[in-house]
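Multiple structures follow.
Look for subunit A in each of the two complexes below; its partner is subunit B in the first and subunit C in the second.
== the complex of A and B ==
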């Protein structure tokens, strides 16, 4: 394996090196200098370029492709269509597990969504392949597209999200609504959104017999290896995936996508390495998206502003051929106390690519609708939005009665509100103006995200020279895994961070689980922590069992690892360096292996969530309707913070994503064709720098002894939740207009 | 990715000769054309790169006090030219409200006027578009058309012109200098772009081979410098095309409007000069009532081309606001967020 982090193994001055320190990104210099090698930066000898031709129709069959014209382009080597594409060992439509999405890889002439690949042109140059793909001039037998939530037949899916029941109830919702003094019923629409990772999906594939070498950005190396092994009929261990860096994943790179598999198939067909990179436009379809939702919330509250019932219903969409359902109602499971809660979902099938996990799946749209509905109810009760949320503070998980493993949400409310200056906010909307006459509004939302943990493994080595090695197949998607996991490794091994070689991002390393669900730091971090502890324990055995060691007789629990030495706990003058211990024992190196998983008993006994509170200020031009967020303050309780710099960056990123959700992002779908009409970053709006206000993310102290030994909850997604709702509520407070269709645009505020 | 020839003439006359050959397209910065070629929307067989022709990149003050802007002057260079920005502040403001810093550093004066519409159906080659393929029909008519035209549109085309720069130029009676094989001619900017009618594929008055060599503004235009603003309403604070924009300029003396200039962007396939509104403003006292009346006159002929009726009311409000801002006087410095109703950019950490 080539070193994915050249130049980072030597000594390097940094501030801080252990847990809790704001280390700068170890890969930062590589990224800003362009030296970081992403998948598409690889060019093995003899490599060919593959370019997709995609369908313009949403449903039908491919009836003609001018393969001869494409082949006639000088430099074109092969045109792969459904007629000649290699068949796969496992049907790509077979659902081998709930996370194995069905793939459209030229196994038939059937078209199931716009931008579905219908051919791959492989050539000596990118230009020839591009030209060849254009010459295919496809014709279709076209069927009408089902493109909008109203276009399909409604049904109730068996499960939603990652396998949750579609309809869950606790208590008597209708009775609770009937008995309520105040009732709110409101419907909120959120549009289809696309991940738009800066790095589009790419693959460089090289076969050597039945062995496969891949450069492929992945959030789930081991899972991808397994799936590819099944599809290609080879041993997963014969597939080597390098994924040192991802230019964003957000859930869309958790499995192998159809286009990436096509690149691999093309390489097999031709016996030469092949590179395939999606264009931006082609990424609107075959690599997942967040489905649209229409959420109806029904809330009841008594005279004191306490919820009597909460029903959160979500209608969403999946593809015509696969199942993934945005579990938006799940946001209402655990956040607010109510004697009766029901969360339900139904869905329609549309001629789109299959939706998938997208940063804060379920929670992002669900939190937005819930926080808006809570605000509407606070208003109905004549209460301050924060006071209303405090009145409905859940001391235990409302639907199960389980205690929370930890929950510093009250502190989040307090610290966030104080920092923002929430006190004195006028209750009625449209009461505040700035010196220029712009309407000013303040809104808030509660943030919440489950503290998940998957299974992961790591391997630690202490070498003869006293340095350490830590290996785990972790994934750096930009969130900072290279840095934060190395901090855990250094701390666990009792070494300065520059004395630890940290390897990640490759499938030949121990499985670190998937980088998703905000669980990577907890999962891979705990695996690293356990591996380090195992190596240190073995080293301690060597030392404390050897009468020539100053540590003899201390017992392996009687020593601590610090600065490359084992030190006697009860007598710090007695210590010995790792190198000396190994040398005397005549051992070249010792190894420790670690496994991480949630303690099943703790997982059963406790509800585990991260929490936060987000406060937003927006300004709205009273006549022109143009909106701008001007201040965002979040306070988050996310358990142990390994690296506050990286954690704050994650939270800022999430908060900006929430801003984007509330005010900008929307796939504009033509109802007739099903095509996304703004499939580019010029017209698919995300916030530009000028849209991003001054932000603060306060890290609220929280110790959680149950989530895992390190106390980590995860920060990758929670920043979105709360933020989108806070901004929507601030718009209402500024203008007096409640907009329930997102993103909120100036046209909504012109009345 | 069609194959094409590439020639690089060294003079305007060579360029004009080369550009007249069928299938030729002039290339300057390529900020729009190259995207169109990659998308298969434009398929020239020959690119005539005028980007290095000497003598076209000057900003000259003319003897009569006007200014002549060479066709190759970069948008950023023009906007940051101090003398130009002082005399034609709303042109500078419009330029800086457009695109991104990177694009403004590359895009040229001539190219800006020739950028194509951003109608998504024009860009989506699987859609019907009369502009791209005459006679094919217009899929925007019954499609996603919230951003489309409310003035001057036809059943054949409801697209809009995306230029910010062209809006104050239209208001200020800019003149486009054009060179063709027959020599040089001049066209008022307000006549340069064509409304769609039945031939939306014909977008300007340029004949094949004709090249924009300069844009001129008169000294008379500079007389509006004290009361001139560009206001651009958009769905995000920067790097977005106008939903509606307005260039408003006034000459005020003794509390009366002597003369007014008003043009709209984002509402039609050309920068929309509002002459009736200007006439009504002349002699009026600046204020809410006269501005409202002007706004109503400017939109008198407007009608929605689809799901965009909101733009008519929005345009009225944008006009009234732009006139109000202009009446208040051009600010000493260009605002941190040019063209934005949010005048100040705010600091990252206050």
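== the complex of A and C ==
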């Protein structure tokens, strides 16, 4: 394997543990100098370029492709269509597991969504392939598109999200509503959103007999390897995927996408390496998105402002041919105390690509609607939004009665409110203006995300020279895995971080679990921690069992690993270096293997969630309705923080996505054709620096003995929750207008 | 797709006469327009006439009574040019066209020739009484008001090439305000360009005001222009009335509704005049 990070120069050596240190990114220099190699940067000898032709219709059949015209372009080598595409060992429509999404890879002439691939043109140059794709002049037998939430037949899916029941109830919701002094019923609409990773999906595929070598950005190396093995009819171990860096994943790179599989198929068809990269507009369809939701919340509260009932219902959409349901109502499961809670979902089928996990799936739209509804109820009760949330603070998980493994949300509210200056906020809206006459509003929202953990593995080695090696197939999507996991490795191995070689991002390393669900640090981090502990334990056995070692006989007292030495716990004058221990034992290196998984007993007994509180200030032009978020303060309790710099960066990123959800992001779908009308970053707005206000992310101290031995809860997604609601509530506070359709636009605020 | 890259204007005109080509200067409209068509299911592309090698089309020149902006002059060239206050609005528009990368490539003339209703340069060219130097079978000078003939339509014929824009040098100051769904990097929902001359007493001598993104082609506000002369500049914002904009025909699109556009345009015209009534330092 080639080193994915050649020439890596790490930060200064530090003494003592690196855990909790704000190290800068170890891959930062590679990124800013352009030396970091992303999938599409690879050009193996003899490589061909593949360009997709995609469908302009949402539903129907391909009736004609001018393959001859495309082939006539000089440089074009082959045109792959449903007529000649290789058949696969496993039908890509077969559901081998719930997360194996059905793929549209030219196995028939059927079109199921706009931008579905209908042909691949492969050529010696990118220009020739592009020209060939232009000349295909496809014709279609077109059927009407089902494009909006009102266009389909409503049904209740069996499960939503990652496998949760669609309808869950605790207590008597209708009775609770009936007995309430105040009732709020409101419906919130959120649009379809597309992941829009900076790096569009790409693959460079090279076959050698039945062995396959891939450069392919992946959030789930082992799962992707397994799925590709099934589809291609080869052993997963014969597939090598390199994915050292991802230009963002956000859930859309958790599995292999149809276009990437087409690139692999083209390479097999032609017996030469092939590169295929999606254009920006082609990424609006075949690589997943967040489905639209229409959420209806019904809340009841008593005279003291305590909830008597909470019903959160979500209508969402999936594709015509597969199943993924945005579990938005799940946000109401665990956040606020109420004697009666019901969360329900139903759905329609639309002619779109299949939606998938995206940036806090479920929680992001669900938290937005819930936090708005909580504010509407606070207003109905005449209470301050923070006081109302504190009055409904859940001391135990409300629907199950289980205790929380830890929950420092009260401290988040306190620290966030103090830093923001929440006290003194006028209760009534439209009370504040700045010196320029702009309306000013303050809003808040509670952040929450489950503290998940998957299964992962790692391998640690201590070498004869006293240095260490740690291997795990972890994924750096920009979040900082290269750095934070190396910190855990250095800490576990008792070595300065520069004395540990850290390998990740390749499928020939131990499976680190998927980088998703905000669980990668907990999962891969614990695997690394366990592997290091196993290696140190074997080293300690060598030393304490050898009468020539100063550590002989320390078995009961124990030793600690520190700065490349084992030190007797009860007598620090007795110690020995790793190199000396291995040299005397005549061992070239020792290895330790680690496995990580949630302790099932703790997982059953405790509710595990990260929490936070976000406070937002917005300013609104009273004549034009222009909205600017001007301040965001978040306080988050996320368990153990391995690297505060990277964690804050993750939280800022999440808060920016929350801003995006509230004010910017929206796929505008044409009702007639089903196509996305703004399939480009010029008109599908994601925030740029100029849109981002001054932000703070406060890390609230929290120790959790149950989530895992390191106490890590995960920070990847929680920042988006709470933030979108806080901004929406601030807009209401500024203007007096409650907008329930997102993103909030200028015109929504003018009467 | 064929790609022509001539070195002289004569060669370019010959290519234009013999082929159905789309002229390209900075490619900042041609490229996204192509991506947009492809997104809409049409991957085809017309043959391209790339003008970027024709040195004679570069630069911004002071020609005594007018400033001449060559067909290859970029927004960045405009921002960096030493120009009188009349061009302040044009420069503001230049800073709001996309990001710096787009400003470095995109051209003022190309923006005009694309003739998008949301083209940021166009209201300024109208307010500045610009004229278009058209080369072709019948070379001519066309005033801006006659150049923009409709939605993405201009007086530049299929065998013509716009070689430059001429802007007469006059007294007064220019200004430009743009409204989008966010602060920067956004396509206009509505925009206003103004060029005002005032006397020593601060009274308006002449006013030329144009609104963009609120009709198929940007247009001047003749009723308001007639109402302003003689009034103190500081009173001007209060003189703007809905009837001055009544001839505009905004549409609903994915960026805003027609009703919002009309209300916003009214507010923006007032804002532009209010900005102009403040000291120059405030609006530069």
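The rule we apply is simple: the second predicted complex is superposed on the first by the 740 of 751 C-alpha atoms of A that agree within 3 Å, B and C clash if a C-alpha of one lies under 4 Å from a C-alpha of the other, contacts with A are read in each partner's own complex, and residues count from 1 in each chain.
Criterion: contacts are C-beta pairs under 8 Å (C-beta built on N, C-alpha and C of every residue); 3 or more make two chains touch, one makes a residue touch a chain.
Every value quoted in this text rests on a predicted model; they were computed, and no experiment measured them.
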{"item": "Fit or clash - subunit C, subunit B, common subunit A", "value": "clash"}
{"item": "Partner chain in contact with A:210 - subunit B first, subunit C second, else both or neither", "value": "neither"}
{"item": "Touching partner for A:63 - first (subunit B), second (subunit C), both, neither", "value": "neither"}
{"item": "Which superposed partner A:53 touches (first subunit B, second subunit C, both, neither)", "value": "second"}
{"item": "First, second, both or neither for A:577, with subunit B first and subunit C second", "value": "neither"}
{"item": "Which superposed partner A:678 touches (first subunit B, second subunit C, both, neither)", "value": "both"}
{"item": "First (subunit B), second (subunit C), both or neither touched by A:750", "value": "both"}
{"item": "Touched partner set for A:630, first subunit B, second subunit C, both or neither", "value": "first"}
{"item": "First, second, both or neither for A:436, with subunit B first and subunit C second", "value": "first"}
{"item": "Touching partner for A:688 - first (subunit B), second (subunit C), both, neither", "value": "both"}
{"item": "Overlap of the subunit B and subunit C footprints on subunit A, listed as residue numbers", "value": "56, 131, 134, 623-626, 628, 663-664, 668, 675, 677-678, 682-683, 685, 688, 690-691, 745-747, 750"}
{"item": "Touch list for subunit A against partner subunit B, complex", "value": "56, 127, 130-131, 134, 436, 438, 619, 621, 623-626, 628, 630, 663-664, 668-673, 675, 677-678, 682-683, 685, 687-691, 693-694, 745-747, 750"}
{"item": "Residue numbers on subunit B that touch subunit A, as the complex places them", "value": "1-3, 40, 118, 120-121, 124, 126-127, 139, 142-144, 146, 233-240, 243, 310, 313-314, 317-318, 320-321, 337, 340-343, 345-350"}
{"item": "Residues of subunit C that touch subunit A when the two form their complex", "value": "1, 32, 35-36, 38-45, 179, 181-187, 189, 254-257, 259-260, 263-264, 267-268"}
{"item": "Subunit C partner contacts - residues on subunit A that touch it in the complex", "value": "53-57, 114-115, 131, 133-134, 136-137, 279-281, 284, 623-626, 628, 663-664, 668, 675-680, 682-683, 685, 688, 690-691, 745-747, 750"}
